[in-house]
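What follows is subunit A paired twice: with subunit B in the first complex and subunit C in the second.
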Partner chain A sequence: MIKVRDYIYKDILSVNENSDLRRVIITMKRHRVCAIPVVNQLGEYVGCISEQDILNASVPQYMKSMYNTSFMADIDHIIGHLHDLLEEKAIKFTDSGYPTVTPNDSMSYAADLLFRSKKTALPVLEGKMLIGLLTRIEILTVSLNGNKLS
Partner chain B sequence: MTEFLSWHLDTIHIITTLVIFIFTFVFITTEALPNAIAAMIGAFLLVAFHIVNQEEAIDAVDFETIGLLSGMMMTVAVMRKSGLFEYIAIKSIKLTGGSPWRILVVLSIVTAVLSAFLDNVTTVLIVVPLTFAVADTMKINPMPMLISEILFSNIGGAATLIGDPPNIMIGGATNLDFMDFIQNNTPVVLVVSVVTFVLLRLIYHKKLSGMVADKEKIQAFDEKRAIQNKRFFYTTLVIFLIIIALFITHHLHKIDLATLAIGGGFTMMMVTKQDPEEILKEVEWATLFFFIGLFIIIGGLEKTGIISFLADKMVEVTHGETEPAAQLVLWMSALSTTFINSIPYTATMISVIKEMTINANQSIEPIWWALSLGACLGGNGTLIGAAANIIVAGFTQKTPYPIKFKEYFKIGFPLMLVSIVITSLYLYVRYF
Partner chain C sequence: MILTVTLNPAIDKILILNGFEIHKLHRLDSREMSMTVPGGKGVNIALNLKILGDDTIATGFAGGHEGHLLCDSLRQNGITTSFIFTEGSTRTNTSILDVQHETLTEINDFGQEIPEDDLVFLLESYERLLNRVDLVVLAGSLPKGVIEDVYRQMIIMAQGHGIKVILHAAPKYIDPLIDSGPFLINPDMRSYHQFMGRPLDGIDAFLQAGREIIAYQKETEFVIFTHRIENVVAVTRKQSYILRPRDLKIINMLGYADAYLAGFIHAYLQNLPTADVLKYASAAGLTNIEVLYKEIRNPEQITANLERIDVEEVS
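After this line comes the complex of A and B, so read on.
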């Protein structure tokens, strides 16, 4: 079985739950990640923030309930709302139910989880501690390394 | 002995039916159970206890109402995709030039007109998010507009046979057709609308004129982009107009409304090449089963003689005179539907009115208009008075401008009373 342990991206990148959204976005941009784990003061993992979560918070409720919003294309609603959210704390946007894996899980399980949840990366946890990240490309490249299951 | 036994059985049946009816009503009003479940379980129990048999239960269902409702739901499900409703609303908003009061008037008129031809919930689900979009763009508080839209969804719904569930049910149960509703309800709806606007103007004048609005910004809305496929847009519009034209000309072709609505819905799907699976998913099955369950429960009330007992009481109180009966039904309906769901109320009252024996030389028709107007307009009294009110209130809870029960009551209840006074005078002047 090909395990997660062998493919973790160990450069642990995370943000503190009390950081503001501005910090989160800057960190995500600087490191070119689409999702970032969130930790508390003790360094324990509490959840993840994805670009999708931030977009979800910045699109106003009324726009979500419209069939079609293209008639509002010339109005800066979403960017304006996002701007108003920049000082809010990271924990407010954190998805605590974000899927995670452990080092002993198989890569196939991780692949299935990523596929089903449509996420871009999975935090790898050992107990409450974050020990790394597994991205979609890590999984896609597993097969390139001559790994073929017989 | 057998006589005694049969009397005994009747009493047990009456008590069982009443208990089921009251429990269903309480569950619906308190929302302890979803409407459809409460009504269908009630109906099931009536059949299970042999108060009505299955055949009688099916006979009790008014399929004219169910057919009309489901047909309109299909038609609207296709039409919503065309962007027509958004187009109308945005075009009208832009014509106001951005004055908050004029936006309130225009959005209310759009709500009233759409409500007259679509169901009220669909209408507010289209208009309310747009109102938020406008308010957000102009940086104003949308509350006055939202309250006005609730009021006008119920006022507009009263105007036509297809505008509001009580009217659909009355249309299904009587020989009154689409034009009868227009001729009898629309005039008073217009008067009530004008008076409501005047009163809203007085209530909100200060608040609205004090608003600093970014008027220019609404010109950035592009109504043309709401229509993604012009051909689809025109096709649905033409079919919808044909359906309405056939509704209006019922007296010429005698094709019933349920047939027209269902035929229209499927024609709409055929011509626009829609996937029926997808469109039929949009049909509110829960609402339809809610109606079916209620009809069966009312069937039980009829069979056990409870309805005729109520009808006799009504005749006794009003001496079989249409005039006091119409006024009684109007006020009773308005005040009841302010607090309880208008659908079970109307379903019960339809049976009661049908059983009433009115003095020979008088027409029963004014009582139907009293029931229709009372049940539709009464919905404006509180935030829980009608389905549209509940939907708008629920929608706003997730926004920065949640509508509160008390806040709505202070405006909705007095305005509802005014509308019923106007209707009461209208009934008196027009029919007596």
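After this line comes the complex of A and C, so read on.
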């Protein structure tokens, strides 16, 4: 069985739950990632923030009821609302139910989880500690090595 | 797990040429070599430690395309990365090793300027990393914009977690930190022969300086002067040692002290007796300077080189 431990993207950069949204966006941009793990003061994993989570939070409540952004008068509403959120804490945007895997999970389980959840990356946890990420390209790489997932 | 901190890392562009001349176009031939590899003292130590089989997390500042190159390359070597990315780019250090004339020309860039909020973010991340490591290595210069006191803060934070700190940097960075009591002090005196506010060279002067530090600061267990490879001087609380490699054939001094410290850490974490730790460290340094590469490629050679290290114990 091919395991997650052999394909971990070993970057453990994360933001603190008390970091502000400005720092979260800056970090995503500079690191070229679409999702970033969030940890508490002890370094224990608490969840993940994706670009989608931030976008969802930036749509003003009254617009959400319209279901469809074609009703929007102006993108400035979203950008303006997002700007007002920049000083808010990361924990407010954190998805604590974000799917995760462990090094001992099989790559086929991870691939299934990634596919069903439509996420771009899964945090890899050992206990409460983040030890890396598993991204879509790591799943695709398995096939390059002449392997089948299961 | 070991944490290496490199606040001012680099991409090392290493050119190995036969006959380097200024005012001349060089086209590399098959006997020559060009390498683009991760660099900076802490990064080099991490690379060596991984080759010796020790798990390492590398942190510090990185930025831009070169920063991604640095981190990708470290991960490919099996090192976990936790670099803070800044707006500026990671610097490139160029080394030209002329095999024919046996010269080494180095041009080190000054690196990116670090804004205060990035430094705060790094210190927060460092504090969390201290929960998961056994030893910290602070190595190399400070980038522009970073206050000189940052190493002191990092030493105190590590000590608060009961973690030993190895400090390897130029004397100007170490001088103000002696009273913070790092576990091991290794001044990089290749270009600066001043330490503790005075000119310092020769075995007796190194022994004297080491003893002064150890007498003054009870947290410090080792003061090691490595830059005179033919006489490495190590001062410890109990006694001092002078280590001399036999039949030295210098090929490339680049990365020597980093390989030495990686060897020290590897042996120290195995709880070997002090003399054996120092001997292994010297053998690691010796192994490094006798190959073209800036890091150790063949750890078995260190064991083979142990018998070439003479150890003199000084009371």
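The rule is simple: the second predicted complex is superposed on the first by the 140 of 150 C-alpha atoms of A that agree within 3 Å, B and C clash if a C-alpha of one lies under 4 Å from a C-alpha of the other, contacts with A are read in each partner's own complex, and residues count from 1 in each chain.
By definition in this document, a contact is a pair of C-beta atoms (placed from the backbone, for glycine too) under 8 Å apart; a residue touches a chain by one contact, two chains touch by 3 or more.
A quick note: this is a predicted structure, and the numbers were derived from the prediction, not measured.
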Which of subunit B and subunit C A:H31 touches, first, second, both or neither
second
Once the shared chain is lined up, is A:K10 touching subunit B (first), subunit C (second), both, or neither of them?
second
Which partner does A:H77 reach: the first (subunit B), the second (subunit C), both, or neither?
first
Counting residues of subunit A in contact, which comes out ahead: subunit B or subunit C?
C
What is the shared patch of subunit A, the residues that subunit B and subunit C both contact?
none
Using the touch rule from the top, collect the residues of subunit A that touch subunit B in their complex.
60-63, 65-68, 70-75, 77
Which subunit A residues qualify as touching subunit C in the complex?
9-14, 16, 19, 23, 27, 30-32, 39, 41-43, 129, 131-132
Along subunit C, where are the residues that touch subunit A in the complex?
57, 63, 68, 71, 75, 78-87, 117, 121, 124-125, 127-129, 131-132
Looking at the complex, which residues from subunit B come into contact with subunit A?
80-81, 83, 86, 90, 125, 128-130, 132-133, 136-137, 217, 220-226, 228, 395, 398-399
